[in-house]
Amino acid sequence: MTKSSVFLLCSIVALALTITGPQVSAQSSYAEDRAMIENLIARYVFALDFLDADTVASTFAKDAEFDTSSGVTKGRDAIRSLVLQSAERSRERRAKDTSGLRPSAGRHFITNMVIKVDGNKAEVRTYWLHMNNDNPKCAGTADSFGHTEDEMVKVDGQWYFSKRKIYNEESETRSAKGGNPAW
Amino acid sequence: MTKSSVFLLCSIVALALTITGPQVSAQSSYAEDRAMIENLIARYVFALDFLDADTVASTFAKDAEFDTSSGVTKGRDAIRSLVLQSAERSRERRAKDTSGLRPSAGRHFITNMVIKVDGNKAEVRTYWLHMNNDNPKCAGTADSFGHTEDEMVKVDGQWYFSKRKIYNEESETRSAKGGNPAW
Amino acid sequence: MTKSSVFLLCSIVALALTITGPQVSAQSSYAEDRAMIENLIARYVFALDFLDADTVASTFAKDAEFDTSSGVTKGRDAIRSLVLQSAERSRERRAKDTSGLRPSAGRHFITNMVIKVDGNKAEVRTYWLHMNNDNPKCAGTADSFGHTEDEMVKVDGQWYFSKRKIYNEESETRSAKGGNPAW
């Protein structure tokens, strides 16, 4: 190998690595994946509480499984229907309400996200607590809590829930039974 | 173009990209911006609850708008005054308190941050819930919750609130009226 | 210096920077450190609430100090023992319980993380609130809150608590006394 061949090889390899390096780093680093996953979970919660079924559905992969107190719902379309029905029931309850109180709000607060990323897959654990203000003073009151066990998948650079299971400590059948669900 | 010119060009471009690349990536990636914004919001909350008006004011841009139950306050100096007055009222309430209880604490817990970054601007949505321990056992009690709709601006590499509006489900006038405020 | 020496130097420096650059950036950026620290804190909380003493201990540095209502516990092994004893007391309470209720759960929710990184050290402040469901309906009830003041250390690329102090507003001796503990 001549000296000039070595120079050329070095230059081309350096140039190639330089051009591809930072982008790959930005797209696939733990912080970048975690940031996108945190944002997805926050978007899911806003949409759920504000009865926006389309946005909730859009946070799930097409063939995702959503395991709730209603059982296991499979597929993005079925998940949209599930949330629509739940939203419809909320609206009906509000319409029928004769308490004289203004419509109450319910909100989920998510914390403690344990996120393990492996390429285009991720395992996620979170805590949730729920608040309502369904009382004469509309004061905030905590009413339930639990955790979630989630699997996520990255498709075309976007993260989605591929499996989401909700545990709820208020419910005998859906409360956590085993040991530490994280790691 | 001679072979050695090609080598030189390759080398210089690679060197230039290498030196500038990672820093640009680190400063402007979604994860870096999100990390800085999350930290700013956490600093704001600590300062607010611990009656540190200077630090609260420092999280707002000079011409920021802060929309609270006191109305719309404009500008960092006016925001500092607003927080100082509120802190002063807290201290007076504590001084006048004759319950025999030790001073109570109030704290805001922020979750579910939806953060959309576009260059030096960002739109942010968060949830908040408030706890107090103003009772004989000093036990923690949730008392109110809501969400925020924020605009942020990045100046000289630092993020600031440029507009912050607080929604509060305890208040008829300040509760959320429309659909999903996130996206 | 000959022209070819300049080429060689440029090439080698570019190649070296390229190979080390992105990794250094990914490992040492604020977002990467913050993401790892957030994940560590979430893992700590899951392990604490689900009585997994080994995992709790693994989040502390070997010579860490853990300052709780039990006093200051020094060293990872002593911290493991402390959590084991606490877990044992929880299991005994559940075993002796004659209320007829199913075992109750307690959970800590962490928010508002202010994180300042300086090389392989970090200072961290967080808020916590605690929920339990120890009532006939197993409904979620908030019962206490406070903040933490933490020091962290990075060893071989992993973050650990080197000092963790828990403040608790329910407790006269452990409630916050001074001004803003963040910055």
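Chains: A, B and C, in written order; residue numbering restarts at 1 for each.
Quick note on the criterion: a contact is a pair of C-beta atoms (placed from the backbone, for glycine too) under 8 Å apart; a residue touches a chain by one contact, two chains touch by 3 or more.
Remember, predicted model here, so these are calculated numbers, not experimental data.
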Between chain A and chain C, two touching copies, which fits better, same or different residues at the interface, with half of the numbers shared as the threshold?
-> different
Cα superposition of chain B on its sequence copy chain C - rotation in ° rounded to nearest 5 = 120
What is the distance in Å between the mean C-alpha positions of chain A and chain C?
-> 22
For chain A, residue numbers touching 2 or more other chains are 4, 7, 10-11, 14-15, 18, 21-22, 25, 29, 31-32, 34-35, 109, 111, 142
Of chain B, residues touching chain C in the complex | 4, 7-8, 10-12, 14-15, 18-19, 21-23, 25-26, 29, 31-32, 34-36, 38-39, 41-43, 45-47, 50-52, 55, 102, 105, 107-111, 131, 133, 137-142
Given the complex with chain B, which residues does chain C contribute to the contact?
-> 3-4, 6-7, 10-11, 13-15, 17-18, 21-22, 24-25, 29-32, 34-35, 109, 111-115, 125, 127, 129-130, 142-145, 147, 169-172, 175-176, 179-183
